[in-house]
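Per-chain numbering from 1; labels A, B, C and D assigned in written order.
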Amino acid sequence: MSGVPATAARTPLSAAARLRKGKWYEQPRWRRLGALLALAVLMAQVTGEQGVRNDLFHALEQNFKGGGVGVWVGIAVAVWLIREFFDDAVARGVSRLRERAGGPARTVRATSGRLFGRRGYRWGALGALLLVLIVLPLTVTTFWQQVLVDQIGVYVMLAVGLNVVIGWAGMLDLGFIAFFAIGAYSSAYWTGGLPVEPPVELNNFLVIPVAVVTCLVAGVLLGAPTLRLRGDYLAIVTLGFHEIVYLVAKNYAEFTGGTRGANGLDRFSLDLGFWSYDWTLDPVPYYWIQLGFVVVIIVLFLRLEHSRVGRAWTAIREDEVAAAATGVNTVRFKLLAFAIGASTSGVAGVIYASKQAFVNPEQFVVLFSILALSYVVFGGMGSVPGVLVGTAFLVWLPQFLRDRVDPQDRYMYLGALLVIMMIYRPQGLLPSRRRQRELRMAGEGVSGADALGARPGGERG
Amino acid sequence: MSLSDIWDVLVLGVVLGSLYAVIAIGYTLVYGVLQLLNFAHSEVFMSGGFGGVIALTLVEPAAGPTGLQSAGYVLLGMGAGAVLGGAVAFGLEKAAYQPLRRRNAPRLVFLLTAIGASFFLYNLAGKLFGRYPMKMPTMYENKKLFEVFGAGVSVTQLIIVLAGVLMLLTVDLVVNRTKLGSGIRAVAQDPEAAALMGVDIDKVVSRTFVLGGLMGGVAGFLFGTNLQVDYTMGFLPGITAFAAAVLGGIGNVRGAMLGGLTLGVVESFTVEIWGDAWRYVGAFAVLVLVLMFRPTGLLGERVGRTA
Amino acid sequence: MTAKATTTDDDVLDASGVTLRFGGLTSLDDVALRMGRGEILAVIGPNGAGKTSLFNSLTGAYVPQEGTITFRSRTGGAHELRGRKPYRVSRLGVARTFQNIRLFGALTVLENVKIAAETRQRTDAISIMLGLPNARRDERAGDEKAHRVLSFVGLEERINELASSLSYGEQRRLEIARALATDPELLLLDEPAAGTNPTEKRDLEHLIRRINAELGVSVLLIEHDMKLVMSVADRVVVLNFGRKIAEGTPAQVQRDAAVIEAYLGASAEEDRAAVADMVAEQTDAGPSAGPSAGSPPEKSPEKEERP
Amino acid sequence: MPNKNIVRLAIPVAVGGLLLTGCSSDDGGSTIKIAYQGPLSGQNVGLGENMERGVQLAINEANASGDYDFELEYFAADDQGSETEATAAAQSAIDDTDVVAVVGPAFSGPTEISAPLYGQAGLAAVTPSATNPTLTEQEFGTFLRAVPNDNAQGAAMADFLAAQDGVDSVMVIDDVTPYGEGLSDVAVASLEEAGLDVQRQHVPQETVDYGNAARGVVESGVDALIYAGYYEALGPFTTRLDEAGFDGIGISGDGSKDEELVNLGGDATEGWYLTCPCTDATEEPGLADFAERYEAEFGLAPGTYSAEAYDITNMIIEQIAGLGGDPSREELYQALAGVEYQGLTKSFSFDDAGEFTNEAVFFYQVTDGVIGYLGGTEELIG
């Protein structure tokens, strides 16, 4: 292998490249035009017709005939002309606009800084926020209440847990929903909803600690042999684990109820002797349970992040070799993160199962693991506020788009949004400060931190 | 299981494994040069399937084609699959990954981009061509050709294995014998050194993507011939092929071939013994076991980073 | 400047027969190394001589195929280091720095050191999450210790700055501070003077002596800068091509023909500079430093046969 | 430090909340809406759209006919065929007070979650296609199944095979979906009752290669094969069965009765039997006419359950008209529960549990690349 660079050096690649640069289409200006035209054609397809059955070319024909392509190509050419020939004017205009907009923005920032800067104000603001969050569901339609509980609430909880694994400990976990499934099925099992009778039937509130322990054990069982693996390998192994959990739920019908799932599960109920309450179809009380758990979990996790555990995670994430040489038991801390994430996911599963009163395997497909991961990264890995907002936004968006674009295309737009976001704002919506620094350092080539915990060839010391 | 059963199951496994191997090449090549888990490669594969369907729908294969016609159709389908696969891979690299590469973005950002691109691409394909499965137009009469120890081999199966072997040999030659190959290896080993020595990294990376895309596209066409084509067809084979690449030692071209074949055969036997429902359990169990004892995969990570 | 007395019982480190191979390449070949408690021992040798491999073998990053590495802690236990995990080696009391500084750049100076100071703490995650008194106590203890260590190395002013924003020399010191915060008995410094300016070098020399004298830490040092080695080390071990070719006091090693030859045979620029340094030291410091250099060593140096 | 972080949650969450509230306003109108809940995006959109178009066609025709003095509007509740989206989809229909009845949910899984909500809201949910037998046992309140459940089809398949000469052993393969498993449960039980030798296999619908499954069928030497699943999977499966040399009787259910089956499976589907609780569009003059109008409206032929969805919608419209054009949800449900309606595909009526009372199952066979009508169960078995 040592001979390779030498071979490469001998081949006159650079010289050839320089020669080729002479051709007109290799010049940046024309290249940009080409790229813009390609983008225009793509956009025409993106915004064009839906395909139909038995006529493969229907949509393509319509898009080209219908003038969609023409419009987009026109826009592309116009953009190109402006960019190439009136660039200075545009730049001046933009900077003037920015200045004008900068004033108010600065005022806002300063005010909010003053507001949140002082301790007293800070707690006040937090209290107000909590109050807003408590009454929030009462101000929206039942539809949004359902979305708030079944989708936003669930995913926010999952994202807070996944953030520990990926944002803090830097491990790429593509099987996070597997623990969500384990939590949901635990709830079904311990409340007697599965075909198999549990030793004792528990109230859903009591199932939560049981589910936490179950997920902890599952997390450790999966993590112990695999956490030594490098980042990408861990990704595929967790993905495989997820697939196996899914397949077991689907195929081991004697225990899980198979594809038809288990219906009529117990919902939450509280009986304090003098006062009892049963959760029913109404989504709002579940929301309050979720909110309570999320607040508690966030407080606990933030303590953890700013303790020796959080520092050890950062160390592992940034440079595993150096962390180990400093005496950090890397495997143990990774396992801890993994288990904490898993149990959070489990709690979310219990709440979800109780709300839906129905579990079946299709609610825990691999796609959801990938979605959860994108929510975390989109919001800003490692930053709790970022993760909360990112998740809430990305879950909300398809629902919001429901009546505004063809519902079939929602995930296409989501995908495009992710790509654009990663190109222009890779640190996420509200990044954590540590992560932002790491990104900047990576960009400058200062640090080897690559946000995956292990860097390529890092084992070599 | 009788002996002829075993051969039967083995043939099925090898056919599926060849497809996995060819797809895995795409993952492994890209991983070699970028250390990137190119999640969107499954969509490159899907494009290949659509490429085949589009080309063959345009020419409308004659009913009861002669042998020569059949061969022509198959080659056309493979060519169209390769072209569309390569084009999508190229576009993907230029539009999504190159801006990140310029900024030296962390790998997780790449991964998320890849996931986003994958969502975008398969939904776009669904939108353009309909979200329905479609059959590859009939190119030949798919009859049993010959037997290997009592196990029948059909035309499709033979084409898949032959094409697979041919492509794997080609890639191996390209990587080990050509200028592009030495560029790929140099970049894989040490991008900075490679750049210093005059390797045009952008070009090498983009050509690596295209090379992987060509392979993936052909695999998509072959897969579509064996099953059918639809906009979500990339997901499962993509994941399995990625597992195959890891199993063989990611970044290692020969490892990807070995890993693909291994997983294909393991799947086939798992299905035979425990049923279709448990297909992936066997495959992933093997993956985890191998990684536990050989953390760098069966053949280790070869293309670039030798320890 | 006399080499310190070394009896077997008081050896802090005793390695023998250490052999490390990568594939067909032998990186360390039957290397033996003894280090007395409180000693400053330097390992020198041309580039690629196996110095860093030796460090990695001592700290658990590599597992040599053969040999024993015994570390004796002050409390009397003898521990085999070969094959022990890096973090366990560190907990035993062996700390290290890296040739290419490996700090946690996105953390502050204080946090960098705290990570090391806290590795022996036992509070569990639950107490931390609940904010129990023992967790708070630990947090304070870690803080105090980190402050102490930082003021020892002279970085107390820069506690809240990002590690990556420090100057090169400061980063070196921070890395040493991080190592010291693990309460080591043996400190392994991998080229601490690389890239530092003359002032920083002098500070470093001073710091190493203080670590040795005030904290009673034995220091194993890899260094290219011969001036530093000659002035700070009690003894010197010379490696070339993975073999030990000389051992003795700085003065003895300086005059060793095999050593000079090894350096002259090396190709790297800095190695040639080192030999120039060595010769320079010999000519100007040699005669005047007569008494100390000429005094018989308490332990006869083990030397390879000279040609 | 921690405090600052908590604070940074504040702004965005508040903004999110505002956005949520901002979107929740809806203006009341005087039109009447009929909703359809089913997969309008995601994997199973093909099936969902078949039904959606049926519903739309019925609404468009009603509005165009001028027979009614109320304006109808279509309301789409997309559940992606997924349980996670089921509450939101159902709730969107419930929240819109103009919606008086729902056609759907299309799938059994989402029905488990949506039906209780409809029940609570008193909104009638008439499914054209959720066939899992347990659904009507759960007393959802307003759930009506306008399609025979899987029991009828499974039993019909078993009876049919038992009546064939030379069929002693049968393999039942399901596609590991609630539909497939439900159907194959019933089929297996009925076949065992009839004294046939039964083997059962599960082949997930997303499987990457049917080679192993086809081999298994041929190796087992069974005389007949029941496939409980959808046409997307049966198409390629028949191809592999053909290659493997399977020459027994093949039979599948309504999930596979789609023109597309022949396109996907080609010649290999020749001779396959299909059961369906639906009568044939080409047999019935009314249905042939429907197919023409459907094609004129949407540019493509009606698919599985298009006609059923059309029928159900028309049934609902008729009840609305019967109730004076402005019924409450409750009134409409009561009217529907006691309905006697003759549609194009079949006659509709429900028992107390909301179960379909007409259990007629019809047989079809693929001959010369066309799904041809054979007749009702009684005619065939005699």
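Note that a residue touches a chain if its C-beta (ideal position, glycine included) is under 8 Å from a C-beta of that chain, and two chains touch if they have at least 3 such contacts.
Please read these numbers as outputs of a predicted model, since none were measured by experiment.
The chains other than subunit D, grouped by which ones touch each other, come out as one piece. Of all chains, the one whose mean C-alpha position sits at the greatest distance from that of subunit D is C. Here the spacing of subunit A and subunit D, counted between their Cα centres, is 34 Å. Note: centroid distance subunit C to subunit D, computed from Cα atoms, is 74 Å.
In terms of their C-alpha centroids, the spacing between subunit A and subunit C amounts to 43 Å.
Subunit B and subunit D have CA centres that are 36 Å apart. Touching two or more other chains at once are residues 52-53, 250-251, 303, 408-409, 411, 438, 449, 459 of subunit A.
Residues of subunit B in contact with at least two other chains: 131-132, 134, 277, 306-307.
Contacts from subunit B toward subunit D in the complex involve residues 5, 8-9, 12, 15-16, 131-135, 138, 142-144, 154, 223, 226-228, 230, 232, 236-237, 240, 268, 271-272, 275-277, 279.
Within the complex formed with subunit B, the subunit A residues making contact are 1, 4-5, 7-9, 11-15, 17, 35, 38-39, 45-46, 48, 50-53, 56-60, 166, 172, 225-226, 228-233, 235-237, 239-241, 243-244, 247, 250-251, 366, 370, 373-374, 377-378, 381, 408-409, 411-412, 414-419, 421-423, 426, 438-439, 442-445, 449-452, 456-457, 459-460. Only residues 43, 45-46, 176, 201-204, 206-213, 215-216, 219, 232, 235-236, 239, 243, 260, 263-266 of subunit D touch subunit B when the two sit together in their complex.
Interface of subunit C with subunit A (complex): residues 52, 56, 59, 61-62, 85-87, 90-91, 95-96, 98, 102-107, 111, 114-116, 118-121, 123, 125, 128-131, 135, 138-139, 142, 162, 164, 178-179, 182. For subunit D in complex with subunit A, the residues that touch the partner chain are 1-14, 16-17, 19-21, 23-24, 26, 40-41, 45-46, 76, 78, 82-85, 87-88, 90-92, 94-95, 108-109, 112-113, 116-117, 120, 132, 134, 138, 176-178, 180-182, 202, 204, 260, 263, 299-300, 303.
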